[in-house]
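Read from first to last, the chains carry the letters A, B, C, D, E, F, G and H; within each, the first residue is number 1.
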Amino acid sequence: MSVAFKPITTENGKGIFHLFPALCKGCGLCIEKCPVDTIGWARQLGAFGTPVVEPGHGKPCIACKKCQLVCPDAAIWIERRNGQGRTDALTAAPQAPGNEK
Amino acid sequence: MAIAAQPQMPRVWRAESKPHKFCPGCGHGIVLKALGEAVDALGIQERTIFGCDIGCSLLSWDFFNLDTIQTHHGRTTPVLVGIKRARPELVVVSYMGDGGAYAIGAQHLVSSASRNDLVTIIVVNNTVYAMTGGQMAPTTLPGQKTETTPYGRDVELTGRPMLGPELVAAIAPPGAYVARGSVANVVQLKNYIQKGLENQIQGRGIAFIEALSSCPTNWRTNAAETWRFLEKEMSAYFPVGELRTPEEKPAARLREVPAHGPKP
Amino acid sequence: MALNLKIALAGEGGQGVQSVAEILTEAAYHAGYQPLYIPNFGVEQRGGVSVAFVQISEAPVSAPKFTTGDIVVALSHRAVERARQYVGPETLLVFDASLADDVRRVYGEGQKSLAVPALAIAKEGLHPRVFNVIILGVLVGVTGFLERRDVEQALERQFGHKFAQDPSLKELNYRALERGYLLGSERLEVGNRI
Amino acid sequence: MATKPITGEQRAFMTGNEVVAWAALAAGADIMYGYPITPQNEIMHYWTRMAPKYERAFLQTEDEISAGFTTVGGVLAGKRAFTATAGPGNVLMQEAMAMAEMMRLPTVVVVTQRGGPSTATVIYSQQELNLTCFGGNGEGLRIVYSPASHDELFTYVIKAFNSAWKYRFPTFVLGDGYQSKMREPVTLFDPEERGINMEVCRPMVGLPGLPGEERDPAHLRNTYNLEDELYQVLTDSIREYEAMASEVAEWDAWSADEAEVLVIAHGVVSRAARAAVEALRQGGVQAGYFRSITLRPFPVDALRPLASRARHLLVVESAYGQLQRLVQASLYGLETPVSGYLRPGMGITPEEVARAVHSLI
Amino acid sequence: MAIAAQPQMPRVWRAESKPHKFCPGCGHGIVLKALGEAVDALGIQERTIFGCDIGCSLLSWDFFNLDTIQTHHGRTTPVLVGIKRARPELVVVSYMGDGGAYAIGAQHLVSSASRNDLVTIIVVNNTVYAMTGGQMAPTTLPGQKTETTPYGRDVELTGRPMLGPELVAAIAPPGAYVARGSVANVVQLKNYIQKGLENQIQGRGIAFIEALSSCPTNWRTNAAETWRFLEKEMSAYFPVGELRTPEEKPAARLREVPAHGPKP
Amino acid sequence: MATKPITGEQRAFMTGNEVVAWAALAAGADIMYGYPITPQNEIMHYWTRMAPKYERAFLQTEDEISAGFTTVGGVLAGKRAFTATAGPGNVLMQEAMAMAEMMRLPTVVVVTQRGGPSTATVIYSQQELNLTCFGGNGEGLRIVYSPASHDELFTYVIKAFNSAWKYRFPTFVLGDGYQSKMREPVTLFDPEERGINMEVCRPMVGLPGLPGEERDPAHLRNTYNLEDELYQVLTDSIREYEAMASEVAEWDAWSADEAEVLVIAHGVVSRAARAAVEALRQGGVQAGYFRSITLRPFPVDALRPLASRARHLLVVESAYGQLQRLVQASLYGLETPVSGYLRPGMGITPEEVARAVHSLI
Amino acid sequence: MSVAFKPITTENGKGIFHLFPALCKGCGLCIEKCPVDTIGWARQLGAFGTPVVEPGHGKPCIACKKCQLVCPDAAIWIERRNGQGRTDALTAAPQAPGNEK
Amino acid sequence: MALNLKIALAGEGGQGVQSVAEILTEAAYHAGYQPLYIPNFGVEQRGGVSVAFVQISEAPVSAPKFTTGDIVVALSHRAVERARQYVGPETLLVFDASLADDVRRVYGEGQKSLAVPALAIAKEGLHPRVFNVIILGVLVGVTGFLERRDVEQALERQFGHKFAQDPSLKELNYRALERGYLLGSERLEVGNRI
């Protein structure tokens, strides 16, 4: 990837919440899908000059990745804090070998 | 310089063109994530041709690191069928909205289905003509207000929402793959799309996947209303699931008839 | 010379430049002028810079778009760049004060311009929603051909139903208009007072 | 019919698309058929909001092919029917318009030109002149009005219905994206109050009386078996077209006689042309202005003497020579040199026109 | 002068244009006999508008004592829908071949079906593009030789015959009438057509009738082979019968959804 | 590729449609996409019979829209692809051809003109000149060949593929129903043996290498957001079109200098024109003959001097002034009077042309 | 009906076989459908200059009217010889009142 | 003057005029001429009169259709009428003898013509199927520019596969050609023997 995006990284509950403000358009879809309501609006402005999201509003993050899954702009990446690597599949689908090229 | 965390985009996404051009909360981004994952999973980036229709799908013309053709309203499937017939080794994806698929391009859908063309068609069903500003689409729900049904869609005058997968399933020959997914279930949607690509790669027949999708801009919904409309209203009318899989027994009426007939 | 004003407004989708143009021309129309307003529009507007072309004249306006504006308004980083093409040596460039660096970079030091701390005022004293009404006020002030009353009536026509629901909204808008007007009328120079 | 949509004269400040919708209402249009396309969409939006109040109908079709052919159906049924489209939609519309030309059906189509070819831009151009005047596999037996202001948009939409039903040639109002989307002052009126009589719309099918017994059935043909049969039909149509041409042709000219440079334009561009010519005159340049209001039939009789007395002709258009081709073909025989200021898909300002004129002298 | 025995044509047939222009043994004549009888039976001659497509159906432009429009290839349904919308009191009949209906005009068929347009569509299925000299049609049987499948229709390359009534039945809203008849059973065919006209008259919805028909000219068959191909080959692939009647319970997916949705 | 369809020169007596099929085979066309329409049907009939023997492909589409767009797909994939159509099919084909014009796609379309407008007749005309040269919502950036004999039909079908792939403008061979259906002697040949090199067909998508890593992905656009973007694209295309015009333009003339009447025609009608001129010359009448082989680009440089030295121009065509309009627009500035012998949809014989010439002198 | 067609009338078995040569195109569909094979080719030429049909070739006519039903050109009218009127419905379908107009 | 022959043939669909034209021009082509043959065609051909336009010349033929034929052949009632337009004062009208009344009615007495009892010959001596081959023979005889051998070869090319299946067919065709040829060559007057 020749383009780099700067994350805002927040550790919360079981997750490390990486939010890429240059990608987040502030649609709020993730907020609605978070089962623990941890996501809410931040002060930081995003891609379209509207507020981005951040964790820490409701209960602690359980690293279910629902927000990551539904974000249409790939603006969220949830890492588990349990030390598992950073390569979780986006949509939790099994990785196929063809992907390794 | 340490590499910071980077967005987990499908590999085939083109980072240079992100953020993409769709509106905040637009389902197109989710469908294209599912498609990207499926292409990644199958390792077919080098031989996949992506064609996008005119409609909001046109905004994906530089979305992927895939050879891409921004075609003409309703004509994406013929363009890609033309490519596939000329170069069968390629994998062709025809990406469009419900207007392009079920209204202006319906003859192509019907014909590709009955010809069992080796093409994977993905239709983004958002119940409106989005690019043109929210007119009634073939999929607009009864009572739904749009720019051309300002008092709500009147089924007596304008009929019922088009059932695309049901239509294709009714006429596609054995070997076809037909499913309806939703951006509310990305994993399932990705699986459907992946099966649809496999169906083409294995030469079994047409693959048709409709994705229920969101258009907060023309629906004029906030995030909560967006999900509600998608998951409650739309899903109630458009059942999600697989309608045809290539393994099934062909229906009686689709059986092979012995190869004779009147002499030429 | 008779009034013949060309204004281009550029901003991000959410900043409401089209509303400013619409209300301004509405007001001018009701005040007896011959305004012409056309938005830019294209297939990728959602993410692009929104531009409004406004012309106000005593005789019918000729071409809907123009090469160089008498006033050009730029309300975002990208808008500062995008508006470049409409700015000539005589143009008054109106911009949000927060964009001063951008303006300097793109236009150098010599450009006739007016920095308006609209964002700041809106955020602090008023409400972010009326940011554009401040700009509207500035334009009314700078051009000076309209009575504030004309503009208030236009606001009423546009937002009357909302004002009815929430009278505080009306007051908020009127205050924003007033603030902008005061900022602008200090620089009255472009239009001809009638 | 329900209450009149407009009584008296009404001044308004609105977009061109809204003007078209009001004009169709005022003209007593019964039904609109249409398919969405930018920049004509708001014609449908306004129509669908207002139509029920005035007992008018609307059908959103599956594409422009269907919009064209349902409009054909509407006029066959004897209704004042219309549709609106642009760009690629106008391309598709030609199939039905060719049928209307063959069968002499009084269809009315409002075209809001956008950039071409193909999808191109949704914005603006004058690139649909040839398509609208001569599209299809026929001979351009059509009437095409090119309005330049909202007042004219209103007037010529009403007139289009009358010309269509009077002469029975498919009729077009050739607008553009700028006119569609811009707001400017306009005066709406009720045609009757202005002394404009709306032509009666006589059905071509579904007439009273038992066909074959009380009257002959209407057997309307779109195809012929022999070359000679077709030739006869076409010859008749052409004769009638040419007979009405001078009656229908319209133009506008200003300080056009013995011009050093006669600027020729149509549609919204003519506003810039006129403004430039006025400015040039003020600056002492002997410029003139001619504008073709009807592109089909082309007002050649009006233009020819002016053009012959000019020193230079300058065709100004937002297309690559479509008007210029028409001008040159129509004025063949003159020696006045012609230049073009040709900007496909781009708006044109008075300053540009003035510069172009200056470059000629 | 004593009146001699006269041919028993339906009253609405126009004797002056008989013998009609169809070939010897052409099924069009039989379908139009069934239609004529149905119009006679309903007494709707004065308010029926007949539209014929381009295809051999164009030869019927002066067939009836009905106001008739010879339209454009594939566009008969939109023309008649345009008439019906403008003057709902008329009864409109859209008459065409399978090419006009299922290929070039498929978007209109699909859209009229989903809109439930009040039109009676009669499609003459003769498995070929007859007027143009016998090319493959959407309905050509597997293995059948035509001018564009000179070695027989190859289902791998060109798919299976289109199932028109099945397609319409899959998407038409409740109230639709859909049937397939055959010129081999004129009485049944006439009943289907009559029901289809009644469906329109009673405002219930679209009526779609496919008629299996003969084309001895392009099949190059004698009378015996003509009947065999029609009754054996075609009927085996295209089952005759009613697929949708307005009385039936609407399918679950077609049910009325409460009239709300996103706000306008 | 399998064995060559033609080796050496082969004389034959066949219909024009058969000639087209053989020409496409000889040119190495890979795939034909098509929808039936008279009078082009037999092109498909012959193609489907012969194609499998030479490993060529065929797809029968659902309509001409699809035939056009699948052809677009074929050329995008880098294949020598073509289609054939006529009349109302040609009207529909314009949608795809507008896209080909916008995106500079080397499509090849054989048009066999029939009577118009709309369905009209299946027989013959020259009424698709404007449609083929300028159809769609674009600027006519196309190459259009108008052959007059079976030998030319063969030659120009081959040439059409080469011009298309060399210059990247949609290319047409504008035949007609007469040429399609008539039999006359023809010489078929293998282009290579005649020293004609077939242009290499480079794919525009599906190139080797991982896009985004080993190479840039092809991101082919058909639509632009700003007027200026479109204007830039069009300006480039127009420049390239004009640069190649004189290279591509072709014509034929006979005893055309200082003609008392210079007869101008194209296509099959030019045969009658030439025969008439020969007869007139024998009869002592100073007649001349000019024929436009390319209608786009129009061979204006060749015609202008001849026309300027003629006493009269007579345009002869089976259409109502479509060639005449092109001639007049192209020759604007001359004073030589022009008349037309215009017979939309009718065949024209040498005797008629001779009579028309006589009526001018 | 302002146009009159001249029949060739043949009594055969239970039927009176009216054949209208100006309508018969000689397609032979009726011949194939006749259950008693009574129909065959006649010497007389019809609408297209090809032979028309006539009864009397196989067993006697049983007046089943199948031939009349299938004739695409309405070239046959079968009357029963049992004296019932001449107004039998063509396709044996019940007459609707609307027809009486 | 070089050979330049224009023949129009008109008949009912089943009478085979197009085959006559095809075989005649095929033969002429192989004999070194430049023939041009075009059938009429239209949407209602099934029921209409079929017309074939044949031109045979030493140089390439110009227009595919012509106004007036050197020879016009009419083989049915309707064809006699339909062919009228191609018959000029110099035209030789060839018709089946059974149509004598029609010809007299339509053309009067003065028309240069040749009545050929082809139908009668075909029905009696030969077979109705070869009716058109008799006509072909007549044309070969009347025009005189072809050797019978040329025509036999063309027949062979056209019907070779059928002749192979049924040799009596070949003999039948050859006899029909011969009979026609004899009838025609008595009136050799139109073409120029080479």
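Here is the rule we use: a residue touches a chain if its C-beta (ideal position, glycine included) is under 8 Å from a C-beta of that chain, and two chains touch if they have at least 3 such contacts.
Here the structure is a predicted model, which is why all the values come from computation and not from measurement.
Note on connectivity: the fewest steps through touching chains from chain G to chain H is 1. Identification of common neighbours of chain D and chain E yields B, F, H. Note on connectivity: the fewest chain-to-chain touch steps from chain B to chain C number 1. Per-pair tallies of C-beta contacts place D-F first.
Note: the chain lying farthest from chain G is C, by mean C-alpha position.
Once the centre of each chain is set as its mean CA position, chain A and chain G turn out to be 82 Å apart.
For the pair chain A and chain D, the distance between C-alpha centroids works out to 54 Å. Chain E and chain G have Cα centroids lying 26 Å from one another.
A separation of 42 Å divides the Cα centre of chain E from that of chain H.
For chain B, residues that reach two or more other chains under the stated contact definition are 19, 22-23, 45, 54, 58, 70, 72, 103-104, 106-107, 110-111, 131, 138, 147, 150, 158. Shared interface positions of chain A, defined as residues touching 2 or more other chains, are 48, 50, 101. Residue positions of chain F with contacts to 2 or more other chains are 38, 62-63, 88, 95, 99, 118-119, 121-123, 210, 222-226, 347. All chain pairs in contact, by the document's touch criterion: A-B, A-C, B-C, B-D, B-E, B-F, C-D, C-F, D-E, D-F, D-H, E-F, E-G, E-H, F-H, G-H.
On chain E, the positions that touch chain D within their shared complex are 12, 14, 45-47, 49, 54, 58, 61-62, 64-72, 75, 78-87, 90, 107-108, 110-111. Chain E contributes residues 102-107, 110-111, 114-117, 127, 138, 141-147, 150, 152, 155, 158-163, 166-167, 169-171, 173, 219-221, 225, 229, 233, 236-239, 253-254, 256-264 to its touches with chain B in the complex.
On the side of chain B, the complex with chain D involves touching residues 54, 58, 70, 72-74, 99, 103-104, 106, 129, 131-133, 135-136, 138, 147-151, 158. Of all residues in chain G, only 1-7, 9, 18, 20, 22-23, 25-29, 31-33, 47-48, 50, 68-75, 77, 79, 86, 88-101 touch chain E in the complex they form.
Chain A contributes residues 48-50 to its touches with chain C in the complex.
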